[in-house]
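Here chain A shows up in two complexes: once beside chain B, once beside chain C.
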Partner chain A sequence: MKFIKKHIPLLIVLVVGVLTLASYYVPNKYSVDYLELMNKWENIVSAFAFLLGLISLFYSHYNKIKRKTDGWGYSLFVYVGFLAMVVPALMNGGRQMVDGQVTSLGWSFRYIYNALSATMFAVLAFYIVSTAYRSFRIKSAQAFVLFVAAFILILGKVPLGQIIWDSVLGWTHTGIDQVIEWIMSVPAVAGKRGIMIGIAIGAVVTSLKIIFGIERQYMGRD
Partner chain B sequence: MTEPWMIAGAWLAAGLTIFLFSFLYRDNPFFKIAEHLYLGAGMGWWFQVYMFNIWKPKVWEPLMAHQWGVIIPAVLGLSLVTQFIPKISWLSRYGFTFLMGYGAGLAVPAGLSTDFMNQIAGTIRPFSALASMTPFAIFNSLLIALGVVCVLFYFFFSVEHKGSVKKVSNVGIYFLMVYFGAAFGNTVMARFSLLYGRFDDLASFSSRGSFYATQIILAVMVLYFLVTGFTKKPQQGEEEAH
Partner chain C sequence: MIKKSSLCLILCLASAGALHAAGKSAKAAQAAVPAINGFSASDMPYDAGGAALLRWPVNAADTETTVYTVYASSSDGAGWVRIDEFPSSANTGKGIDLPFWAWDGSAAEHAYKAELGNFFPGAAEGTVLRFKVASSDKGRVTAESLPAEAAVSGNWFRLDRLNNLLLLVLVMVVFFWAVSHAKRKGLFIRRIAGLDAIDEAIGRATEMGKPIYYVPGIGSMSSISTIASAFILGEVSKKVAQYDSFIKIPHYDPIVMTVAKEVVKQSYMEAGRPDSYREDLNFFVSQDQFSYAASVDGMIAREKPAACFFMGYFMAESLLLAEVGATSGAIQIAGTDVEHQLPFFFTACDYTLIGEELYAAGAYLSKEPMLMSALKVQDFGKLVVMVSVLLGIVLLALGTKLHWDSFTQVILNLFKAY
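After this line comes the complex of A and B, so read on.
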């Protein structure tokens, strides 16, 4: 039983991982076909992984409603929201537009999902500003550098900031857009490259540990 | 969609937008309704995306055409759902290990070529064309190279950070701070552009054609907060505080 429960899954990781890795470095018809097939398979398995999350969410809210816990009524709206997207999708075969006309799915997407998701992320703007106010206390030279970089980026992207920059530092004959471009393409790139190189080394090492079965936390408990 | 549907949509979108914004004042039932609706609508949206882009064309239709090969990924995918049945939850390992193996196999070349080799190449390449570069471009290339080395020193923990290593890694922190500041600034502006978009939509829903949806819903929300503000009994903690 241990063979079926533990060794076969580890063998799957090893075989799929090594073949995928090798396919990248051994370009021929078979490796291209293999990568194409695996990509298709991965799409299918990932779609079922979504189902795992969906069932988990529904189960959790079903339990809230069943046990009538605090705020159980709100859980009903999870199902309402779900049906508000899925029913129109089934009616229109997943199409938002038919013959230039917005379908009921397009309507649901625009007036429900898009309105909600855009607002949810827009609300974060207020929290980011509030966090910035608290975290941008300039206590060190490094914090000052962080503040200046963020300030210039924010200032330069609004017309008022450009007007202020031109009236105060116009004599330098350097526009704030040029300063932003320089920050983004020189010092910020240096910082980003260091991080990316570090991430790459970490990702490669972790991937190799997964392929060779050294890292196996994702397998869960026995 | 007919005109009445568009008006109904305007009212719905204006309502949901204002309900979510109302959280900025304080938590309230309208926000919670919109929050839960968002959760469900998000899942519903992705469910139909997967249904019409993956399950139907890549699983159902091939099966109907007797292409039995898709049974393998479908079974691997279905094995994930066994997580909910403790007795056979170990079966889900088959699906997970496939995803992990494929992901890890792809991550190695992607990490090496895109994030590792390309970044180093991008740092070094300008020095092969120094003769054709302006003094300012040479300065920029040197600054990037210096920054990358200093940042790498900051992340290098195999030697103790003291003496000259500490000095170099401290310079690296400045480059990191510039990057974090720039990334933060960009994030703030991205969020604000979304905010402008929402305000723009609210403004368009406030027109006569939408039967003043924004103003009416906003007025109702203000009324709600006024009424609950006056009638709400103070909480136990609040009483003690007073």
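After this line comes the complex of A and C, so read on.
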């Protein structure tokens, strides 16, 4: 039983991991075909897994409605939203336009789905303001550096800020554009690259741990 | 009748004479075009097939207006297909983007990589193709090569990636050494505040009697950060089970949900609380980014959890989630390897794991010797990078200062990814 539950999955991970790693160094047609096959399998598994997700979604919201938990009314919208997209899709064979005319699916997509997505994305702007306010509260030396860098960037992006800079610090003969360019291309890039190098090394080591079965928590333990 | 046939005969003779004269003049014109000597065609090395490498010497007599046209043909009988046209100053041997150990090209020759996929889409592996090149000046053909043949096929090894392979082999050797010498004691690991705060967050949730939200992001199971998130989830849910607290895990990807269910179930069993485990701890929300964010935001705003974990792959929804969590008063711990989302987590969360800390978190929390030893490999990798960067800076500066162009090129090739 342990052989089926543990060793076979580990062997599959090892074989698939080594083959995928090798395909980076082997440009042959077999290697390309193998990667394409893996992608197809992933898509097929995803399609079936989506069905599981849908069942989970309906089940959890059904329970909320049944138990009348807090905010159970919102759960009704899951079913309403689902029907509002699926019924028109079935009626129009998945087409949003027929003979230049917007179908009911096209209407639902444009005036329900797109409108709601755009609203959520728009909310981001307000959250950025409140986050910026929070991060501008100077509590430490690092926060002060962050504040100064952000303040210069904001100043440089508006004409009034450029006028203020020129009138106050014009004697330095250094334009605010030059300062912004330096901040963006030297300290910001240095920090970013440091993080990216750490991430790349971490990703390699994590991959090796998984391929060689050192890390196997994702499949449960013995 | 006789008159008619003699008229036909005269016409035929006249037309044959005209054709013969035309053929003669065409041959004469062709003979007048000088040949491009030294033209050769071969399979493009280190590729997946579908490309040929054409080489011929640079002609000193070429002017700024000289243009080369490359032709290919599938077989002897088929006509020539025009592949590309470029000025005489372009496509020299130096222009091929391959390192010095895989390519020996000079500026004294033309080297052109002919991509044939669009021109011969049905060509099988190993198909022999014919190539020729012609030079022209202001529309007049000045020289033309003899046809050369080459079989185009995929190769078995990317020699240009040899530097990458050697580095990988080195990392693997260190990896196996570190794992085989795993020690239970005496291994120093610096403290990671975000991971130390997990106990505090779960304890707070237990005291307040409020749930904990664990958000694994919008990555698929093939994403390294999602896999790392699953490791952390295992340790977090084990602590949740021990404290008899309550965790909720909303999912974006159904496959991640399936894996997370197994991980959480196992953790509850290891904690000795299989009775507390419920199938609906993990639940699917939506596979649309903003629908997912809206739904999780709604749940956080309504239930006001005591703690929120954001671990995994995040995009624009990072701030939408973290900001709502911050306003609800939850203690927030985040971790992602998407470097452009890190600033949002820094400002909105109490603790943030940066990239590699996310990968190290599983080992840090589990305290398993083999996993902890693997962290040494990460440190070794960082040491290699630091030494390489320093050495590279010094050698490149030296090579540039002393005008050692070949030496500079060698250093640049060694550190480049192909």
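Quick notes
We adopt the following convention: the second predicted complex is superposed on the first by the 166 of 222 C-alpha atoms of A that agree within 3 Å, B and C clash if a C-alpha of one lies under 4 Å from a C-alpha of the other, contacts with A are read in each partner's own complex, and residues count from 1 in each chain.
The rule is short, and it goes like this: contacts are C-beta pairs under 8 Å (C-beta built on N, C-alpha and C of every residue); 3 or more make two chains touch, one makes a residue touch a chain.
Remember, predicted model here, so these are calculated numbers, not experimental data.
Once the two complexes are overlaid on the shared chain, A:N63 sits against chain C while remaining clear of chain B.
In the superposed model, A:V26 makes contact with chain C only, not with chain B. Contact with neither chain B nor chain C is seen for A:L160 once the two complexes are overlaid on the shared chain. In the superposed model, A:V168 makes contact with neither chain B nor chain C. Shared-chain residue A:V15: touches chain B; no touch with chain C.
Between chain B and chain C, it is B that contacts the larger number of residues in chain A.
After overlaying the two complexes on the shared chain, residue contacts for A:G94 are found with chain B alone; chain C is out of touch.
Once chain A of one complex is fitted onto chain A of the other, the partner contacts of A:G198 extend to both chain B and chain C. Once chain A of one complex is fitted onto chain A of the other, the partner contacts of A:I44 are limited to chain B, with no touch recorded for chain C. Touch criterion met: A:V189 reaches chain B, while chain C stays clear of it.
Note: residues 24-25, 42, 45-46, 49-54, 56-57, 59, 71, 74, 116-117, 120-121, 123-124, 128, 132, 192, 195-199, 201, 203-204, 206-208, 210, 218-220 of chain A belong to the chain B contact set and to the chain C contact set alike, using the contact criterion stated above. Interface residues of chain A, counted against chain B in their complex, comprise 5, 8-10, 12-21, 23-25, 38, 40-57, 59, 71, 74-86, 89-90, 93-94, 101-126, 128-129, 132, 141-143, 145-154, 157, 182-201, 203-204, 206-208, 210-211, 218-220.
On the side of chain B, the complex with chain A involves touching residues 1, 5, 8-10, 12-13, 16-17, 20-21, 23-24, 29, 32-55, 58-59, 70, 72-74, 76-78, 80-81, 83-84, 89-90, 93-109, 111-112, 114-116, 119-120, 122-123, 140, 143-148, 150-152, 154-155, 172-189, 191-192, 194-195, 197-198, 201. Those residues of chain A lying in contact with chain C across their complex are 24-32, 42, 45-46, 49-54, 56-57, 59-60, 63, 70-71, 74, 116-117, 120-121, 123-124, 127-128, 130-132, 134-135, 192, 195-199, 201-210, 212, 214-215, 217-221. Across the complex, chain C meets chain A through its residues 46-49, 125, 154-158, 161, 164-165, 168, 171-172, 175, 179, 220, 222, 224, 227-228, 230-231, 234, 251, 253-255, 257-259, 262-263, 265-266, 270, 280, 282-288, 290-291, 293-294, 298, 302-303, 316, 319-320, 323, 326-327, 337, 339, 342, 344, 346-348, 354-356, 358-360, 362, 366, 370-371, 374-375, 377-378, 381-382, 385.
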